[in-house]
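The following pair of complexes shares a single chain, subunit A, combined with subunit B in the former and subunit C in the latter.
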Partner chain A sequence: MKYLYFIYKNLTRKKVRTTLTVLSIMIAFLLFGLLRSLSAAFDGGANVAGEDRLVSINKVTLIQPLPFSYLNKVKTLDGVEKVTMSNWFGGYYQDRKNQFPQFPVDAAEFFDIYRDTLNLPPEQLAAWKANRVGTVIGKALAEKFHWKIGDRIPLIGLFPKKDGSTNWEFVVEGIFTGKTESAQTNVMYFHYDYFDKSRQFGEGTIGWMIVKVKNPKESAKVAAAIDELFENSAAETKTDSEKEFSKSFAKQFGDIGLITTLILSAVFFTMLLVAGNAMAQSFRERIPEFAILKTLGFSDVTVMFMVLAEAMLICALGGLLGLGLAKLILVVNASRIATNLPGLDMSFAIIVTGIVWMILLGLVTGFIPALQGLRLNIINALRRN
Partner chain B sequence: MSNPATAEAFAGSNVSVSLRDISKTYKKGKELVPVLTDINLDINRGDFVALMGPSGSGKTTLLNLLGGLDSPTSGELVIAGQRIDKFSSGQLTKWRARNVGFIFQFYNLMPVLTAEKNVELPLLLTNLSSKERRLHVAAALDLVGLSSRAKHYPRELSGGQEQRVAIARALVSDPSLLLCDEPTGDLDRATADEILALMQELNQAQQKTIIMVTHDPRAADHARRTLHLDKGKLIQE
Partner chain C sequence: MTFNWLSQIFIVSWMNIRNISQRLGTSSVAVFGVACVVGVFIGVLSMATGFQRTMTSAGAEDTVIVLRSGATSEMNSGMSYEQTQLVSAMPGIRKEKEAPLASAELFVVVAINKKTNNAAANVSLRGVQAGAFKVRDKFKIIEGRNFEFGKNELIVGRGAQKQFNSLSLGSSIRFGQSEWQVVGVFEDGGGLSESELWCDAKILQAVYRRGNSYQTIRAKIDGPHGFDQLKAAVAADPTLTLDVRLETEYLAEQSVALSTFIKVIGYPLAIIMAIGAIFGAINTMYTSVSTRTREIATLRALGFGAFPVAFSTLLESLVLAFVGGILGATVVYFLFNGYTVSTLNFVSFSQVVFDFAVTPALLKQGVIFAAVIGFIGGLFPAIRAARLPVATALRDTN
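Coming up: the complex of A and B.
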């Protein structure tokens, strides 16, 4: 600790260089904080996915339907507790840019199966069940469009109705909240029966099945039994855990994890060169001073640690500023982002990972100058003076 | 660390520094270059010795050996009863911190530290508390007459003042031996005389053993003894 003042003063020697180095490290960690949080938010669906839920889709593709009759067949399988279904609706509100996820579901089962992540007051659930054109919407969606219970919501749907129009009208009967930060509340659910009976084509089919198993440890076995049940049929199934389903669904936008890793790798590699060069230059300029320290009795190891400490301090300063700024950006924009990407926040794990990266960056960039400090020969160094 | 027989012999004598058949050879490519040859010398406690000689005569090399910055190729080098030629690099580092103060021609102060922080540097290696360090620093700066400049950075001081700070830094851990390499080489005559007078005062009042390398005969006049080196050999006293 008694060397800290000296180390700090050395950092202030070339203020412009230190500031630029700190800023460049800050930018790297700002990107790290934002991109890692973004990637985590994309994986958020997978993270809230229950281990006891399976999703069964058409083996060909998600947009190919399954017969409605599959539900009753799956219900009879051993290990299956409940089965419900859903379908893609693909509507928008007033303007095409106002798109958000809407799903027809079975009101009787859906909130029971998702009781671990979603919360809908019982009286609102009852009101929804009683109204055929009723809908329940997530809190984030209600806040975005300022919708409240009783509001009539006209949507332009992807599916035409039997009368040829694509205008679908719903009445808000409930507003649900998420039980976790990353639970999706930018969604709208309405009655499958209303959707199925009103649409012009596809009646009697479903988009996918959501299966709740009795014992999560038997999920794989149940998934295999479902797929086996419909083997060689006109609509074979592909059943996965809900987590896997969410991941592959998110990958439709691209492998966000891989993209962020590639970007961050490039940023950190560049940073390694920039910061490493700054540290090396700073050391070279002070070789006679380090020789004087050794002359005064500072050991080789002490000098090495002083050099390393400077590198660590610069990386920590830039890194913490970057992570802090990223956190600030996420907090300030939280409400705006929540509708499209719930759970976009810098988690504790991301902060800890960031700090580990700061330490590693400090060690790597300071390693060579520190080694030179360790090996510095006093006589040779003083001759340079 | 120390040789008991040598230490015993030193305990009863007035000798502070003893060199026996000291030689130093450097390797330049495949060639061996002798820099010091068979140096035999005794320096008493509290002596003030000027070391003179032409460039390349080995003055600075001898000073480096006396300060434990380098080790002799052969011979016996005893300082205050300790065979420092037998010390490892780590032992020499600790020994230097406790026993030797260095004063350089170009002061070699840390430009980012104030005068008092520069003086405090050797004390960071001790177990003294922050308060104790401050007291020692204040005393050392007072001794060289620079108390009023304690908060000033080297760039805000004159050459003479910088050298005084360097002297305070050399004195602050109370070493018995002061090694000075051309301490007045970068100063004007009047300032050089002031610095030499200060060194004389330290030698007389505090009984510091001072060994000073210089080219300047007027500087050497301030010493009690003058030694001459030529081509790596001690030629006359």
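Coming up: the complex of A and C.
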């Protein structure tokens, strides 16, 4: 503790340099916080997705339908607790730019299967079930378009209705929230029955099945059993855990994780050099002082620790400022981004990783000067000028 | 002193630049910092440019695409065979030997694994009619042969072949219950079609149980008024709820979302990194000034003006940043130019294969960016250099 004041004095003697060094480290960690959160949000779906849910799609692709009869066949399989279905809707509101995900689902089954992530008040669920053209929307969506319960929402859909028009109208009966940070609430759900009976083509088919298994440990077995059931039929299935499904979907965008890691490594390496160089410079200038300290009776190790502590302090200060700023930016913009990229938030894991990086950065940048401090020969150092 | 002002600037700056080698450590850090920033800047933007180029380059001014009204992409468009016949016969569509230059097409996606991560990706599979090859001027088979109508044969785009598994010439590939032979590779002016697989529309209808329906019509328009003529004809028919759009406009709209996304992420990223690099540069230049304190004081004592001294510091910073910028730009050019990647275009729900395009314009932007970093980074240290109190600075012991 008693050295703290000394370290503080050292830091403040060249205020500009210290400030600049702290700021460059801050920038590095600001980017770290933002990019890591971004990359996590892309894989976000995968994190919320439960292992006890399976998604079964047509083997050819997601857009090929499955027969309705598959639901009952899957229901009888061992280990299956519940089966429900969904489909694409691909509509937009007023302008082609206003696209967001919409899915026809089975009202009762769906919110039961997703009770661990989505929360819809029971009275709203009841009201929705009672209204054939009713819909429930996520909180992020409600905020984006300022929709409230009772609003009529006309959508232009990708499926033409029996009368040939593609105008679908819905009435908001409920607004659901996510139980976890990364649960998707930029989504709209409506009745499968209404959708299926009203569309011109494809009646009696489903887009994909969502299967809830009794025991998460048996997921893989159940998935294999489903695919086996429909093997060599006209519509073969491909069944994966929801987590795997989300992951492989995220992979379609290309490797976001790899790109952010590449950029971050470039940034980190640069900032490490910049900050490390500035610190090393500052220590070099103070070598005579360290010699005086040693002359006064400070041990080699104490001098070494003082140097190391100073490096750590600068890194921690810059790092925490950077992470704090990243958090602030994310919080301020959260609602705006939520509809496009739900779950954009800095998780605890990211903060911890950040702190580990700060410590590492401090150790690496402080190491060489600290070693110099340790090995410093008093006579030589005092003579230097 | 007999020097004039200009020669003072020249002498001090030249001396300073020659001495950079003595401050190699700090200077190379600044250079490296700028290089990294410029590298990331150009890298991200070259991705956006490459994507846009692929999306728009194949579009021809005299080609139209007919979609169902309100459809956001070919994927969610649809029309019957009768409608396609009706539209093809309409005025405004160019004819060759009495036959209209038009192709009714079917557009679906199939899951094929990507080579890079072996994960399933949505690859576009387009069923075309014979007119398709005449509508697209730049279409060319570059390997193998074209598919034969009535057979389960595929030709694959150049980009698609590079990115996805099992599309080599002569190989066979299964989509569900159907098996296909890859018989040719084609190019189409570097455009979006090169990310696709093509086959006979009739076969695709059967395999995908689409009855006799199609999704889009592509056609050549006849003369400068062809587009308006066709549009009016389609609008006049009450049985048709179709949109006629220029292919170029349609493709530009398809690419907006993703290239905006890349830029929205890319520009702030570059700016934040640039701020970091500016801090680094300022630090380097302050260090440079402080190690040269005595030298600067001596120069001033000899009669050199404050401005030439400040200018030399600014110039040093600019030179370092410039070198960094060139370095970053060069490395990115050799590393990324032409590098092929693919991503999911959400609008059409299918993969777009594109190359990073490190264009001369981007390289120029990158170097200008570096110069800005160098200028801001050198400005304050230059002012300090100019203001050094000569008497105390001469006494400086560092």
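The rule is short, and it goes like this: the second predicted complex is superposed on the first by the 384 of 385 C-alpha atoms of A that agree within 3 Å, B and C clash if a C-alpha of one lies under 4 Å from a C-alpha of the other, contacts with A are read in each partner's own complex, and residues count from 1 in each chain.
Going forward, a contact is a pair of C-beta atoms (placed from the backbone, for glycine too) under 8 Å apart; a residue touches a chain by one contact, two chains touch by 3 or more.
Only a predicted model underlies this, so the values are computations on that prediction, with no experimental measurement involved.
Of the two partner chains placed around the shared chain by superposition, subunit B is the only one that A:Ile379 touches, whereas subunit C remains out of contact. Of the two partner chains, subunit B is the only one that A:Lys294 touches; subunit C does not reach it.
Of the two partner chains placed by the overlay, neither subunit B nor subunit C lies in contact with A:Glu109.
In the superposition on chain A, A:Leu20 makes contact with subunit C only, while subunit B stays out of contact range. When subunit A is checked against subunit B and against subunit C, the one touching more of its residues turns out to be C.
Within subunit A, the residues touched by subunit B in the first complex and by subunit C in the second are 385. In the complex of the two chains, the subunit A residues touching subunit B come out as 2-3, 5-6, 9-10, 12-13, 288-289, 292-300, 378-379, 385. Looking at the complex, you find that subunit B touches subunit A at residues 64, 67, 69-70, 89-90, 93-94, 96-98, 102, 104, 106, 108, 110-113, 117, 121-122, 124-125, 130, 169. Every residue of subunit C that touches subunit A in the complex is listed here, in rising order: 25-26, 29-30, 32-33, 36-37, 39-40, 68-72, 75-76, 78, 108-111, 114, 116-117, 119-122, 175-177, 208, 241, 253, 265, 269, 272-273, 275-277, 279-280, 282-284, 286-287, 341-344, 349, 351, 397-398.
Here subunit A touches subunit C in the complex through residues 16-17, 20-21, 23-24, 27-28, 30-31, 34-35, 38, 58-64, 90, 92, 96, 99, 156, 158, 160, 164, 166, 201, 232, 234-236, 238, 248, 251-255, 263, 266-267, 269-271, 273-274, 277-278, 281, 285, 385, going by the rule given at the top.
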